[in-house]
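Both of the next two complexes hold chain A, though its partner changes from chain B to chain C.
Coming up: the complex of A and B.
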């Protein structure tokens, strides 16, 4: 488990994140078909990308772009029809909790466990000794700003707090990459924006590699180093763009002309591709 | 707050007893058919000191316990399998739901024909009362286990056994205990009914005989005693249930 909390890096070195580094995760020609007796539906088509070490990459796409299929394949929960997922150059074909942690859509905390116990649960499964995992859980909950809520139950926490616990749980696994599935989708606009900032702080502090799946173009642009644009059924990568804004970022960039131009570019990619599905948030 | 509720409940209970006492004393209710509490309560104490009566109670208690211990584990296993296996569950659950809707009391004559008037008949009748309700509630309990929790546990590298232990068990427990509680209540109903209509001993037959002989003091005492025991058992199971449910309201 090592030392999970690294000292805050200085802003100058953080800039190097955007430069290509060793890919932590590499996706090669991923295609997936859902087949039943009568016909087969293509959910994903020839998806290839790689996520450099320590970077923040978002996948943005409309509903029905095969997001959850992609997530399940990346997490090793389901085999793809074609193509490979490599983490640290090793093919993933079963869940690898020490390599990939998932932050689920609706936090997905066990209601009968308190915050600390929820964070400890994956560690318990991996056989981490009690004392060590308790210590780790407290550290991680402190990192996400929930120091005073370790023994609160999910029903006693707000939506944002639950998602923080979920992030702490992902971090505690000390994975190579954190996969986030629309983590703030259930939150109101304000909490969502706040959690985005929170996430950047945590990311900066831990230096983890993050792959975020989201509907929100603005969220993807504000948070990421790179944005992959997925089309609707079947999900294909129709655009990939590097986000040029220096870090640390402030909300002011959202109002800038450059941000607006990038947002329009993604919006149009999804439009021209006739992929403007329901649930796509432009603003 | 909880004190207040308890106080109100106690007050209501005292109120009912007072009404009953007054009704019998003033002739509002026929004292021959409804003896007042001041007569019935001492009768309860007297029955509890009577070894012959306690012997009958023991007979009944053993029948209830044996039928429950036989039926509940089998029903839990079958309910679990039917809940876990969608195909099996969809094929057989209508059957169980239909049987659950049939008033089982009408089958008593068949049980008497098959098993006679002894121990086996009572236990068999008790078993059918426990079995179906526990199967159906267990099946429902399995089906409401959130699939998201299962997926998450798999992503942490959890085995099937781990998923059953750490997700299914706590998620199912409150509903399973509800099923067992209902099973026990039904069991008591079944055994007492079987005793009343075809038995040589047990509390059921005793109460039935007291009724026929117009021994209303003993009859009321017996009815109250059975009610108190059943309510106590039910409430004990409910406390267990609430404890398992605590995280829902926490």
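Coming up: the complex of A and C.
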């Protein structure tokens, strides 16, 4: 614990990094180049990691670390130039709504649908019968604490509430893994902190596997079992660390020396990579 | 009856009364501005003729609107969905829209004849561009994240379009339709005035040559009512659909 783990190619580290359960998602040597007529830009380079069942893993990186590229490849929305993404040992090369749900930075709700209808929408596309999806939508909204807001429209909800609807929508798909793309990035700090706690509560209750992409080092450390640190262009994994704090976690850990040490370590990883000042939040 | 309504009715009554008096006293020439009573008489004496005119215009407007909306939205959706298409076509459409279309009307007559077809065709070209432009704007303006979301939940291309893109583009499409349909109405009436066999525009131009100023004014009144009615209806629809346009989700 605490010292950087070598890249996965090293067979020894692969052995020593015993995963608690079988990985839900496994990423192998992901490299992606954006090519146009004149030149090609490498967005991601040799990304490999796996997320064990039921765990909470975060990817931290500066702006321009290719996180949206990574997200789209993980979700099967875009093929990678090289490498594979496996969910339950099956290669992902097209969108898999029953396996992967995405929670976006902007809640991405449909404004003409109320909270319940928004949660139902992916199920409707999947052809789930009306009664069943209505029941599920109510359950999920209750789970995220919006029992009294099922008939509210997005415009009647606060930013944090919209994001909860979006999380409920992701959960309702009953996916194997939830990908979260900077889900609280648009919220003010107080709501952001509250939503972090809320997310932990929901995660504990559902036991879902979560992969969170974020700018915020503290958010990643507070929430996750494991943090992957991505460098700026091209995005490479420069560090992976297991977060030692026992659960349930309280805010007190944020002030602890250990937390500070881990935060500094990540901060330095990003710094040495010349990623400083590229939209990184140190708090 | 509200006070505001009472007041506006009173004002209108006063204006009509003054107008009638000035006309009867010979201050206003009845050829230039006939008295309200003359306009009313014209409407009464030629009620059948006016009814027929309204029917013809209504028929032409409805068909022209249907074609303009169908053509404009499908053209706009097609161009708007391809990013490059939207960029390439927007200036061309805007330029076409800016050209005085009336210069083309003689050609429409040669192609479609003196009857309703040329009025409908002219109405369509008058209205189709704003509708197409509104649709292009709406469709190409849909946030890419919505499309990523749609694909991630397994929407087919058709579902992506009908369930996500089109509803999001609707406010912009309806704004285009409000302008386009109003221009459609104007186009049809103008075309009728130039040369035709019937319709409200035809009545305006026919009675003008006969110096039946009362008839001319009543026809104009009908045309205004048409345009006003259409505009009110579409503004109402627009307001209803634009409720979510500004909400940030």
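Simple rule for what comes next: the second predicted complex is superposed on the first by the 263 of 283 C-alpha atoms of A that agree within 3 Å, B and C clash if a C-alpha of one lies under 4 Å from a C-alpha of the other, contacts with A are read in each partner's own complex, and residues count from 1 in each chain.
Heads up, the rule we're going with is that a residue touches a chain if its C-beta (ideal position, glycine included) is under 8 Å from a C-beta of that chain, and two chains touch if they have at least 3 such contacts.
What you see is a predicted model; the values in this text were computed from it and never measured.
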Combined model on chain A where chain B meets chain C, clash or fit: clash
Touched partner set for A:104, first chain B, second chain C, both or neither: both
First, second, both or neither for A:162, with chain B first and chain C second: second
Chain B versus chain C as contact partner of A:59, first or second or both or neither: neither
Chain B/chain C common contact set on chain A: 75, 77, 95-97, 100-102, 104, 106, 108, 110-112, 121-122, 125-126, 153, 155, 173
Chain C partner contacts - residues on chain A that touch it in the complex: 72, 75, 77, 95-97, 100-102, 104-112, 121-122, 125-126, 153-155, 162, 173
Residue ranges of chain B in contact with chain A within the complex: 148-149, 151-158, 162, 166-167, 170-171, 247-250
Of all residues in chain C, those that touch chain A in their complex: 143, 145-146, 148-149, 151-155, 159, 163-164, 167-168, 243-244, 247-249
Sites on chain A touched by chain B in the complex: 75-77, 95-97, 100-102, 104, 106, 108, 110-113, 121-122, 125-126, 153, 155-156, 173
